[in-house]
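First up is the structure itself, then whatever we jot down about it.
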Amino acid sequence: MARILVINPNTTASMTETIGEAARSVAAATTEIVATNPEDGPVSIENHYDEAMSAAAMLQVVRQGEADGYDAFVIACFGDPGLTAAREVASGPVIGIAEAAMHAASFIATKFSVVTTLSRTCVIAEHLVRNYGMEHFCAGIRACDVPVLELENEESGAYQLIRDECLRAIAEDGAGAIVLGCGGMADLTLKLQADIGIPVIDGVTAAVKFAEALVDLGLKTSKHGDLDYPGPKKYTGAFSQYAPGKN
Amino acid sequence: MARILVINPNTTASMTETIGEAARSVAAATTEIVATNPEDGPVSIENHYDEAMSAAAMLQVVRQGEADGYDAFVIACFGDPGLTAAREVASGPVIGIAEAAMHAASFIATKFSVVTTLSRTCVIAEHLVRNYGMEHFCAGIRACDVPVLELENEESGAYQLIRDECLRAIAEDGAGAIVLGCGGMADLTLKLQADIGIPVIDGVTAAVKFAEALVDLGLKTSKHGDLDYPGPKKYTGAFSQYAPGKN
Amino acid sequence: MARILVINPNTTASMTETIGEAARSVAAATTEIVATNPEDGPVSIENHYDEAMSAAAMLQVVRQGEADGYDAFVIACFGDPGLTAAREVASGPVIGIAEAAMHAASFIATKFSVVTTLSRTCVIAEHLVRNYGMEHFCAGIRACDVPVLELENEESGAYQLIRDECLRAIAEDGAGAIVLGCGGMADLTLKLQADIGIPVIDGVTAAVKFAEALVDLGLKTSKHGDLDYPGPKKYTGAFSQYAPGKN
Amino acid sequence: MARILVINPNTTASMTETIGEAARSVAAATTEIVATNPEDGPVSIENHYDEAMSAAAMLQVVRQGEADGYDAFVIACFGDPGLTAAREVASGPVIGIAEAAMHAASFIATKFSVVTTLSRTCVIAEHLVRNYGMEHFCAGIRACDVPVLELENEESGAYQLIRDECLRAIAEDGAGAIVLGCGGMADLTLKLQADIGIPVIDGVTAAVKFAEALVDLGLKTSKHGDLDYPGPKKYTGAFSQYAPGKN
Amino acid sequence: MARILVINPNTTASMTETIGEAARSVAAATTEIVATNPEDGPVSIENHYDEAMSAAAMLQVVRQGEADGYDAFVIACFGDPGLTAAREVASGPVIGIAEAAMHAASFIATKFSVVTTLSRTCVIAEHLVRNYGMEHFCAGIRACDVPVLELENEESGAYQLIRDECLRAIAEDGAGAIVLGCGGMADLTLKLQADIGIPVIDGVTAAVKFAEALVDLGLKTSKHGDLDYPGPKKYTGAFSQYAPGKN
Amino acid sequence: MARILVINPNTTASMTETIGEAARSVAAATTEIVATNPEDGPVSIENHYDEAMSAAAMLQVVRQGEADGYDAFVIACFGDPGLTAAREVASGPVIGIAEAAMHAASFIATKFSVVTTLSRTCVIAEHLVRNYGMEHFCAGIRACDVPVLELENEESGAYQLIRDECLRAIAEDGAGAIVLGCGGMADLTLKLQADIGIPVIDGVTAAVKFAEALVDLGLKTSKHGDLDYPGPKKYTGAFSQYAPGKN
């Protein structure tokens, strides 16, 4: 039995809900999913600056979750902001949705393409591909230039743009699977998969299942070495409340 | 609810039992684990030749399992023999234990070391590290020069040799987690982890959980492109029975 | 004086003949070429499953050849199936035709493209490129979607398809040389080279010459470490005849 | 004439002073150096969590500096926290001190070693090496396990520990130059260089000179593509003040 | 105050002048720029043979410059011919213009494209990209097939060809900055930058500023290890005058 | 029947003789070996400067050889100086001895170590390893700090130093084969191999056999693209005689 905290690092509650629903749709009966978001920070994450700012707030949610005894954490933004830092402040496993989706894709296809929202975030995905060792598996990173919050707007035509980009990934990249590049796309997965005819992987659901798996395996974040808890230390000014070493 | 076929590619039934027990120890209540091994092939897998020969027999077990409707497959030998070929003949996910263990390790540590049986198999592990994109994460591949079947012999001192090699991996490689390099070590995991104080990852249990995860996610092996089913084709001689295209 | 066993890992005798003729066409006067194929296995090799199955049978041919005192071995299928395992059971050098062709190409051009048969085998070639360290040299891997056995059918238009793909490799990849991606293309080499105007490399002939070279250099497969002979070991069931340690 | 804002991302004023002095010691007569630090955040940066939190505060200093018309920015912490995000919010060049030191080292030696403070930060340096493409040049990353703030304590023996580690880097890694792995080491550079006999590179001074160079070249951060200014967007809660799009 | 010798490795005096003017246009008031070229060698450098031959003559200019007490050297040909050898015979820093331009580009953009003269030199640039660790940053290497000396011919239409290739680099490669692939393009930089709207980097000016930076930092070429001065040694025949160990 | 010009790029005739003897010892009866050296240049090649200077002279020998109708060329210095430029001016294949030895080693072992003369040349070998794609195969590069010309002095103890370094490569690197890192070691190969018990590869003999192989295969240096002959061009001063385009 696992209690998993699924954190949407942006502050848009409706997206948190979409993410939570996706998470619950795959969770084991014995798993408790709590979906949440920081109160502080950007309403969407669409560039390095948003990422950096959201990470700071998200990390406090992880710390609170750690104090509350959650068994595992999911960071539900495709840039996996603050992932390594989150691992330092958590004892249980922490999984990013980009990480989960790419790893899952490598289990079922020899090549995947990422289909994401804005062109300017492609370089973030590319950086992750490199750091997760997925260069051999990633056949392409494609943007459909839909702003994140437009995903919730049914009249935006977002679905069609995403589907068309997926079809181009199949034709032009030779992708055998699609990795969705935004937590806010979680509810499109099944429809997309049916429409395009190859596996479509949403990181939110993949991360939940991998987090459950690690909990069931009794595996926790290694505290030997560079993911050890930050020692107690003074933080100054408005950030003094964020000083580590209190949990 | 998932039915998972866990295949020990060597033909030693006692090792299959160890593997099956490990698999069942972590499986969800709703998962049915069947552990099996080919009737034909090497009693242990300790070099490239053993690997190649065991793959041929193991693939027939996968094909039979596919005909029997299994949802997913685990290949329980650390060299992941025949993994890509197995994916061609299976509709559900197929996970290798080296693959599963390395991916799991990368979720909970920045560096892991592999501790395996014989020195001559290190190059096989090294090849896998490269092909799974784990170069950044793998801090070392170490052998304790215990033959595979000696793992079952309590008087062989195998446990002490493995534990000492793990301790050297921590001290010399800076490993934050240990990946066990043999399916036959599955029953040592918890004791080792307690003894050495950092996470120890057995591929059998990790693969079972990841296979469950993929099944629960509705993800199957991509049949678009290079993992598509082999088409019907004539095989000659003693291998005519192995011709594809019949399931 | 070298005796070289050229093994077509598929069981189509007419292709073995084509390969043997190509091999003999370049062999030194003092070299004895014997071209052979296993009796057991697929009539063509067009996916991972075919590869795995053919490797098992091919390895027995190598073992018999070792017993018969051959000085070197050529594995004449572009996927180089079972190459490392073959090196374990042979004392003399073993050369794969993909390996030979890529290495030869890197000696005479800064970039080569592979032109192969079926799209689904491209990932196999890509894997080889990576494992042979040829990423810098390989400008493209292209399929003309001709089934292997159609190469023998003069009315199939195979030649034109291959030539056109070579021309595209020159124009689009900037290839300075072409590597032919199938042992069955060996007899097209000279005509293609004349037609397209850049060097065309067939792996069968390249492998024969490199095998001769190694024999003349007195170089044998290293038996120090991971290519050492497999020790004696029990194999069970229908594969008991394949147990190592008898030669 | 350049105005450069040198930002110590931690909040220890005495370290900011050390950094500022180092910066001014090499700046051109026509360059104005202003050294500063955020008011909010950790007093030292020694792990991923510190890095993530300091980045959020540091980015506001960059934004204020941008509003104040600075020509270039130096991020004076060896982990280069928030570097890419800082580039988004700045029009002039932004240089990290790890980046500057490694690039400078590659101009004057074929191999350098990094000598840093705490072991747990080595993985951060390793990540930077990979992302800056310095794998070929970096011969080692070594920690002398001195906490950052102990560098200021003359009685801590920090200097001797650092020097000894440098000597080991020469002897064991074959390093031709040393990259100092902490902004707080800036004042040790010349003494170290004299003591160990090979070039010692401090990132603060290197970054200042490279920033001046870029300003003199008229080169600014590219606003075409992924380093473009973040568009206006709502930030909520305590972070609403950090919303982009106001400068 | 720095004295920098800027060496055009080809023997075309008018190009040396262009290069010298570019160098002086960015040099600090306290820097003395001397632009020169060998008397011996090719009038332009457009292939590996030209490179090898020019390196031999250029190295003598460096040695003379070393004897004359120059503080730093710039090699002003985009292939950076003889760069490592030049570092051996110089005590001060030696910077190649390809090296400088690529490093500068990586400071201000996540991706750059190289736009060079002749297609056949692209492989030289590719080799440099790999050896400088710039694979992650280089989005494309493009030739506009203008012979080097045509750059000086205003009626050749060279400017338009270069500009169009730059625009294609933006559109097709996603380049955020352009690296000019020839020292002879130095005078086009500002006009190009204005025309295409993204940063354009000329290696000559970048190398001069980086050389100044290293001189101001007190950094010299490491003489520990493989860049140490060549010891005295006999050279025979027409090259006896080139024997090292005399300065 | 092949005529192969084996070029010792240094000007020491006694070493040329050693190299020529080694070459002839493996050449086919139908091969004519001519061993030569430039008249101009260093008496030994032990650093980047020697390499650069020897390349200029060596290239003229290749050009003369091309005019004299040689079928192939071997560059018999382990740094493979001027290899790519030599390919431009030759129609037949050109093989470097480091290249040949490393490729041969990769055919018979999974790991090799290079044992070379001086420590300062290790970085040259490392560069070649990277450019030939041999990173996976090269387990170590080791110097025994014997000056090149001491190899000819029987009283220097060079043999013992080399042998001991080879033994360390086996024990510490896990090397399965040794690549000798100097053309002047060619006569030690067989004795070393007997003494250390694993394959020892001399590049001179390997290059001769690979050159023969390519000639017999009818493969010539690709003249499509970047290895095309340099066009006619003016060279000035003392180098005017080296202008290309005359053969």
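Each chain carries a letter (A, B, C, D, E and F) given by its place in the written order, and its residues are counted from 1.
As a convention for this text, contacts are C-beta pairs under 8 Å (C-beta built on N, C-alpha and C of every residue); 3 or more make two chains touch, one makes a residue touch a chain.
As the structure is a computational prediction, the values presented were derived from the model and not from experiment.
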What shortest step count links chain C and chain D in the network of chain contacts? 2
Each chain counted as touching chain C and chain E at once: A, F
Which chain's mean C-alpha position is the greatest distance from chain D's? C
Between chain C and chain A, distance of the C-alpha-averaged centres to the nearest whole Å: 44
Whole-angstrom distance, CA centroid of chain D to CA centroid of chain E, is 28
Going by residue number, chain A touches two or more other chains at 84, 87, 110-111, 123, 130-131, 136, 174, 225-226
Sort out for me which residues of chain A touch chain E in the complex. 123, 130
Residue positions on chain E within touch of chain D in the complex are 26, 28, 84, 87, 93, 95, 99, 103-104, 106-111, 131-137, 170, 174-177, 190, 193, 197-199, 201, 205-206, 209-210, 212-214, 216-222, 224-227
Chain D contact footprint on chain B (complex, rising order): 110-111, 136, 174
Interface residues, chain A side, partner chain D - complex: 11, 38-44, 46-53, 55-57, 59, 82, 84-85, 87-89, 119-124, 127, 130-131, 225-226, 228, 230-231, 233-240, 242-244
